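One chain, chain A, links the two complexes that follow: it is found with chain B in the first and with chain C in the second.
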Partner chain A sequence: MLEIHPSYPALASVAEKYPTHRGSLFQTYNDILLAQQWRDVQVIDLARCKRGAIQGRRPRTAADADLLLHIVPCSLAESISLAWIQDVFAALANPPSIYLAVVSDDSSIVYYKLSSGIVKPSI
Partner chain B sequence: MSSGKSKGPNKGGARRHENDRIYAHPLPLIFSDPSSSRTRSILGLLGLSRSQVINPHCEGYYDPSTRSVWVVNQRDSEILWRRGFFGKGNLSRSEPSWFVRQVKDRKSRQVDSGANKMTSEEIREKRRADRKQFKLDRAAAIAKVAAEAETIFETEGRVVVPALFGPEIPSGSTWKSKTAESERESSGSLENAESKREDENEGEEEEELLEDMEHLQLTLSEAFFLAWNFDCLTILDPETACFDEPLSLPEIWTTFQQIYLAPPIPTLPTPELQLDNPFLIHYAVYHHYRSLGWVVKNGLKFCVDYLLYKRGPVFTHAEFAIVVCPVYEDPQDQEVSITNLRNASPFTWSWLSTINRANSQVMKTLILTYVTIPARSRLSKEMLKTPACFAHYSVREVIVRRFIPARMRD
Partner chain C sequence: MNGRIPIRVANKRAYVWDVDDLNRIRSDHRLCGLLVGTLPHLSQQNVFLGLPSQLTPEEATLLVEKEYAVFVDDANAYPEPSLSQFQQWSAEQKEYIKHQQAVLGAENTKAQELAQLAVSEEAIRKRKERELKRQQKAMELRKLQEMEGDPVAGSELPVPIPAVNAGPSTSPTSPSAHTQYNVCITTPSSALSWYSPDSCTYSTIEAAQEAGIWDFPSNLQDRARYGVFKDLWEQGYFLGGGIRFGGDYLVYPGDPLRYHSHFCATVIESQTHSIQPMEIVAHGRLGTATKKTHLFCGWDDERKTVSYLSIEWAGFG
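Our next item is the complex of A and B:
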């Protein structure tokens, strides 16, 4: 069903390569592109982690609008270890932080921000 | 919270009446009686009724990648949401409102609109912006008081302890959104309009026909509940060759279970149906609470499996948070199990404490729902071919409340 969705072509290559994670990638891509309205949204292939990820920038009106941010989708059924998280950071060339998108089967997505190292609270 | 809820054109009572009208039916099926009230009362005395069941006959497509059923048709989407709060818009917080938000966005770019009725996403953004501003104001006030205490000490030598509360420091109840709502909206929208007009002139702002990219997504439990109990949902399989074939109930029953049993290597045959399939466990819980009248929604945001609403998300916040704990009647079954069931082993105290704390913070009561999986030795394989196997599953609840002996004396 998701193959015939208009947004599928942008994901097709990565989705075909890792069919188990197709659903969460599709869900997250649509949420980021259409609902959150991020700019310069692209799907990237994390071969080392055997899944796809998404990169993009926040809408122009947001804070940090020019930062390139990375989002890694995963589903509620998976279990995630520290090694997994470290792999993801390494595969993305060690950005200061990444977003983990946990997708549920009713299309709810919860985003977690994971930073490498200690981060001071903003306020 | 602080500035008081924004009361737009639908203040309190009017909004409640409108909600009562729109969400009047708790289920997709409606009973209607064409006869006059006199005929109805006469027939009623005899125990008869001419009321008919009106079935909306909705359609949905089964999608194995997202393990859900998609309702693409707008009429069906609306009916399923409004009559029972089934499903969730995949680009929205609850009801599919993406298209409406896009249209509004476009309109506000062209015309400076005043305060119209906001979608729930817009209300949420406004609430977050207000809270951020409140925190900034409070931090500034606290810093100011501390600085004053410093100067007093330097000039007069008197020690004043800077207060963290008090008349000068805004608290949740006293803080008011600095600029009036309308001012902020008009200045905000002016800024947005200006910057967006610039974008339009610079880039290629395609104001082409907007296509609705959103659908209503039903979980497998919801879809099965509607199809099996009310026969008001037809589930189509988009993979079939020429045109979409509706799945029969037995096919739905097996397909929904097999999706969880899919082998890691596609060439291996699908294993046979199991008693501890996550679909069976979750459906048992879903059906249990729905049949008691609760509206059951996903609880991902609160670290739990389900949230129970008394009437619906539109009316009040969820009062209960459900964590599903499957229990095997026969412990041996657990050892040979091929499905990886969550929470099938007891969880640690720290985890239970965490979930309880997270939910008490948002004023929800945590409920542990134990589902007993019948022993394989007791049930034959034939039982799994129909939902009749549910008679052998039991659902029990345990409510968890934190007890603080020093404070709770009543």
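Our next item is the complex of A and C:
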């Protein structure tokens, strides 16, 4: 990650604290802020999970535009578990749902919504 | 055994052979089973399947655990019939054969009666008239062709129809003795008077496992699958096989004949079991594409509880 990138200042503290995960954090932050054009984008430190996360609101034109949503990035190459996911929920004070950003080496990102409990499909 | 449904176990698989039992299992206990009976002469088709119904290990275990059903060790439920039982069975078979022969013989009589009609006077006369008309037409056509100079047409004389002796019609023959018959093997064993399942019926999973006729659940994976199945069932859902949607179970809000499933469930055998992010991508994408939510159902083997995680595509990105 380039320290000269304009996004760096916002990510600096969390990226330096958890260097293993700074790649996926950097990619996700830029995608959310610049490509998905979310508002009120902030980086959070999930100390319990030893990585950073991102919070923000969707563009004004989107559904649920005012909800504060949370995204936790991970790499396609990692292994996670249900316990890991539950730690993320707990660290974010148990929101109804979180978004997992899966980042791969070629910088592709896919976002999946994880909700605790049995939640009927939204379609 | 006190109105409990008999599940007949063969080779550690659970079968239901009685359609009334099947009805109770589905309407009273929300379990569907799967019909696996093929047609003997068309065993490769699977559009029409009949009895028996095969219950999955989870379904059978649930029914016995909740005391709705018992396991019957089917192989050991057939002792030798007594002499009188055998004689009665033999007499019934002979009756049935006689009955078949009588019915088929009567059908033969009908066929003969129809054949008789064909040689009756009326029929013969009508046939003669038709034949005469046909020959006249043929002659006229030939004359026309001769006039047009057709070299093929010869001068054929009409073939006279031999006069049939229109004597008195013979009396219908007596029904022929029909020697062929079918041997019928009834599907439910309970039709046989010497079938005695009482001595090899097991009303608990443990008893069946000890007797060696049932295994499930036998390891952590089985326990996790069963735990998730039972938890979802207790919440009122109908459960089906999930292979069509890449999961372990399909979860229906009501009978599958009336509803589409809302969820596809995957069993995760422990909270620390390793999950690849690619699995979340694959399951989530397939679920969303088929209007379902994918459920990751985590089993806690110590607390014997299930935790649920619903996965959907985010809709952006």
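Note that the second predicted complex is superposed on the first by the 122 of 123 C-alpha atoms of A that agree within 3 Å, B and C clash if a C-alpha of one lies under 4 Å from a C-alpha of the other, contacts with A are read in each partner's own complex, and residues count from 1 in each chain.
Criterion: contacts are C-beta pairs under 8 Å (C-beta built on N, C-alpha and C of every residue); 3 or more make two chains touch, one makes a residue touch a chain.
Computed from a prediction, not measured in an experiment: that's the story for all the values here.
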item: First (chain B), second (chain C), both or neither touched by A:Leu114; value: second
item: First, second, both or neither for A:Leu92, with chain B first and chain C second; value: neither
item: Touched partner set for A:Pro6, first chain B, second chain C, both or neither; value: first
item: First (chain B), second (chain C), both or neither touched by A:Arg60; value: first
item: Chain B versus chain C, judged by how many residues of chain A each one touches; value: C
item: First, second, both or neither for A:Asp106, with chain B first and chain C second; value: first
item: Touched partner set for A:Ser81, first chain B, second chain C, both or neither; value: second
item: Chain B and chain C footprints on chain A, overlapping residues; value: 31, 76, 102, 110, 123
item: Complex contact set, residues of chain B against chain A; value: 61-63, 65-68, 70, 87-92, 98, 135-136, 139, 192, 195, 199, 211, 213-214, 217-220, 222, 238, 297-298, 300-301
item: Touching residues (chain side chain A, partner chain C) in the complex; value: 31, 36, 58, 62-63, 74-76, 78-83, 85-86, 99-102, 109-123
item: Residue ranges of chain A touching chain B (in the complex, touch as defined); value: 1-2, 4-7, 19, 22-23, 26-27, 30-31, 34-35, 60-61, 76, 102, 104-108, 110, 123
item: Complex contacts: residues of chain C adjacent to chain A; value: 235, 262-263, 268, 270-278, 280-281, 284, 287-288, 291-293, 295-296, 298, 307-317
